[in-house]
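For clarity, chains are labelled A, B, C and D in written order, and residue numbers in each chain start from 1.
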Amino acid sequence: MKYRTDMAEELHGSNKKACEKSGGIESSLYSEDGVRISRIRVVSKEGEEAIGKPQGTYVTLSVGEDWPSDGTQVLSLSRMIAKNLRPLLPPEGEILVAGLGNRFITPDSLGPAVADKIIVTRHLMGEPFFSGFRSVCAINAGVLGCTGVETAEIIKGVCSRVKPAAVIAIDSLASLSTDRLCRSFQISDTGIVPGAGAYNARRALDRQTLGVPVIALGVPTVVDAETIVSDALKTAGADGRPRISSGLLVTPKDIDALIQKSAKALSYGINMAIHGDMSVSDIEQFLG
Amino acid sequence: MKYRTDMAEELHGSNKKACEKSGGIESSLYSEDGVRISRIRVVSKEGEEAIGKPQGTYVTLSVGEDWPSDGTQVLSLSRMIAKNLRPLLPPEGEILVAGLGNRFITPDSLGPAVADKIIVTRHLMGEPFFSGFRSVCAINAGVLGCTGVETAEIIKGVCSRVKPAAVIAIDSLASLSTDRLCRSFQISDTGIVPGAGAYNARRALDRQTLGVPVIALGVPTVVDAETIVSDALKTAGADGRPRISSGLLVTPKDIDALIQKSAKALSYGINMAIHGDMSVSDIEQFLG
Amino acid sequence: MKYRTDMAEELHGSNKKACEKSGGIESSLYSEDGVRISRIRVVSKEGEEAIGKPQGTYVTLSVGEDWPSDGTQVLSLSRMIAKNLRPLLPPEGEILVAGLGNRFITPDSLGPAVADKIIVTRHLMGEPFFSGFRSVCAINAGVLGCTGVETAEIIKGVCSRVKPAAVIAIDSLASLSTDRLCRSFQISDTGIVPGAGAYNARRALDRQTLGVPVIALGVPTVVDAETIVSDALKTAGADGRPRISSGLLVTPKDIDALIQKSAKALSYGINMAIHGDMSVSDIEQFLG
Amino acid sequence: MKYRTDMAEELHGSNKKACEKSGGIESSLYSEDGVRISRIRVVSKEGEEAIGKPQGTYVTLSVGEDWPSDGTQVLSLSRMIAKNLRPLLPPEGEILVAGLGNRFITPDSLGPAVADKIIVTRHLMGEPFFSGFRSVCAINAGVLGCTGVETAEIIKGVCSRVKPAAVIAIDSLASLSTDRLCRSFQISDTGIVPGAGAYNARRALDRQTLGVPVIALGVPTVVDAETIVSDALKTAGADGRPRISSGLLVTPKDIDALIQKSAKALSYGINMAIHGDMSVSDIEQFLG
């Protein structure tokens, strides 16, 4: 019985033996400035099968329970996100940032919240003031239930006009552990399947479908109620799959505020990865 | 081991023997127009102790799983809320409607959402057009964490100026069952303890503290993760209290939309109970 | 000296002689159910130059001052919008509804508010329940300042994937008269230049650029302060262009509520034009 | 013919002779760190009549056109607000911050936006961590049209429970000049009449009605269309009062963003005046 997660670090943890045996997974775990950093590389077909994620690199930055209450830690985390994101971007060319998810459903609103905070410059590239900036554009791709169109189709369409060198896609993720909610930041170069964690998988956003590298950034905002219940049963030594309605999510009470906080850290990190190191005050100034 | 609920019907169900033995609880359960109606009267000190709720009447209207997708059912439910609320109101005098809870925390936003949709008339009572209306005012009392003041203090202060004949207080509730989320409507004449369900009990809003009848209306919007897990353990025959961080809530994915829907039903019902039967179109017109 | 307006009826009114002389403009004006209906057809190159609008049909429905306070009038207006919109749609094929404008700038938020209320069905066309519906999808195209991409480019990209039979584009308009704010509804088959009224014209959305018919729906939400001042000077017999900073807009105090109201009328109208006559309750039910 | 303004500096400017003659007005104007500071003291009954404002001190801080785009200037302005506000507060005792205005009407939303950003501590005064803080509470008083109760009544009621040493009331103001919109910050120790600028004067919030000092903070967010038109007529040498519907406001296009920006400056300033100098990062941390 497998439960829903989008986190490579969790999949690695719960399939450790298979991953080792496959010989196709490299992993490391260390700490830097109070942030726990997990790096997992899936390097072969066998590794893919063992971990259940496509080949590529997955970096996860995790912070402790009290991080959201400390302003300076947001900036230090943003810098670490920038540092880990920058090497995955092509050295030059347009970047398209795509926010995935539904602005009006709290645990699904991370993508739009981040895309709203990207310093877009594509239409300003001629202006001398912006000569030090990289060309960036950003869209909120909407969700199938509101647009009637697969997210991947919308982004493909926009790519056909904008012709970016890379796409950065931001999405809310599912996790196995409530300890990770709004506190883990996963960066990968493997693209993303929108809504994958939510069991309503749509066509993938990756190099194969979009023709350019797709860097996926995500933060877990939900744990399935089923996961929690199953864990409790396992711990109690009880058998059987939990009987609980599907579609129920476990969230902390202050999820609205936590999502704003992690969207801030993520958007600062992306802006710094693309445009170079900046102060928070400078970033906020550009966003008006 | 008791889990958190604000629903009299649930407390009655889980303490059935004690309730019967106390001789202080009267209850009935029936259906009307597809709505399940539970009526519980706590009539003695012994009844209070058995059920864990103060003396008075608790009416709970519950609808089925698919109700939110049917527009006409909202109106029919609103009429039933009005019918059950009306007898609890004093025959004349000012009504103060108080929305409890935090507008910016989704599962706590029911009170403000309802208070925003009340047709207030207190300042218009001299105008001939409003001669058929009852005098009503409405406030959003805020929450302690945002105001620094107990909700009960704010409402007491406003009552000292407005001198209402009764207060209607609206709050989000906790339930033991995810089946009830945004689908049960509890009406009681016993007042309310803001945040009681959330284990951060503040001073009560009731006839004793406010000096006038306090009618409480509530809809469950959260189930504690602890409750869910404990249920699963019990079902599996496992022992022990669940080990899970407190402060975690279980909600359906579409909680944002469901709260809007139940706020609509509740506000329509309150408006009709106070001002007399009206069409939805008339209500919406007054709300601008 | 010409002031900013997107309304064909106003351009016709202020260029009456030239329009008549051109022989390229047909116009009529009548009333129906309390709604004033203006129809203007621009039929030749000479007509285009005289009125300053491309060839095609412009229907403007205008309601009186008190309309927003009357619920039934919203429905009757929506029916009239549907009746005038339906003949402009191709008999079959996918419809793409595109909301133009910025959700976070009140007078520019009409397009997103309408697009949010479209019953999208493209992804549900296989389901028996939706057999009576037409295939529709909807996007919020964003604005250049937030995306870095011309609105026309985004819509072209989406059209290249969705291949609609027609596009319906919704935008906030500029008017010469504060009497029209949120009370005139312009429907035309000529496409639209996003932000044209705002002097920041972008590439056009029309049959030529998108390859399919583009029906434009708009409601005036702003009057330039320059227009108001110039009118006053003219009336007073004073000469000279007004000296007033550009970028200042005149709006009624309750613009937030009025935009919601006109977005409702417009979205109901579009849904009924596409999917057939429906009750408001049915429409609201589908929008969840 | 007088037009609507809440700004003492403007009333002084347009009644200069009468003010001088009255002998009851002291005024000074100077610059500090790029901020223009006007100080006006109304010291006698004659002064009151000449300027049309009650006796007391009015300090107005005004910044230049480009201020909103510069992050550090927000902080420097906040510090200056704090410096001018601090001497008006009583040396000890509870402070009640009251946001006036309607959260859902953009140009009236300044008060709620500021009250949302106050670090409230009244309920935390026992905790050692907060030993360095002053006791503060905050409410959003709502508006008559939504509550049915005069704002002054609500605040009086809350004061009767909270018993503050002083009230700080924040409101949107009207100005005669579009150059001041979201760029002037008026601080006075004379209290406020909610909605005064809007011609719907309600009972005053001042020392006489509340029994404690009332410090009023305000930022102009609207200019009446009538004012603009009248100015243009005067400049053109034309006679007569402008014929224009009342209730029309002139605002910059980006009013939504500008109000957020000025609410930030104002709330930072209030927090620093009350709790002592703090970094923006510390303030944001406390607001979660």
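By our rule, contacts are C-beta pairs under 8 Å (C-beta built on N, C-alpha and C of every residue); 3 or more make two chains touch, one makes a residue touch a chain.
Everything numeric in this text was worked out from a predicted model, so none of it was measured.
Chains touching both chain B and chain C: A, D. Taking each chain's centre as the mean of its C-alpha atoms, the one that lies farthest from the centre of chain C is B. As for how the two copies chain A and chain B face one another, over half of their interface residue numbers coincide.
Chain centres here are Cα averages; for chain B and chain D they lie 38 Å apart.
Here the CA centre of chain C is 38 Å from the CA centre of chain D. The mean-CA centres of chain A and chain D are about 42 angstrom from one another, to the nearest whole unit. Touching two or more other chains at once are residues 254, 257 of chain D.
Taken together, the chain B residues at the contact with chain A in this complex read 104-108, 178-179, 198, 225, 228-229, 232-233, 235-240, 242-245, 247-257. On chain D, the positions that touch chain B within their shared complex are 116, 120-124, 135-140, 142, 144-150, 153-154, 156-162.
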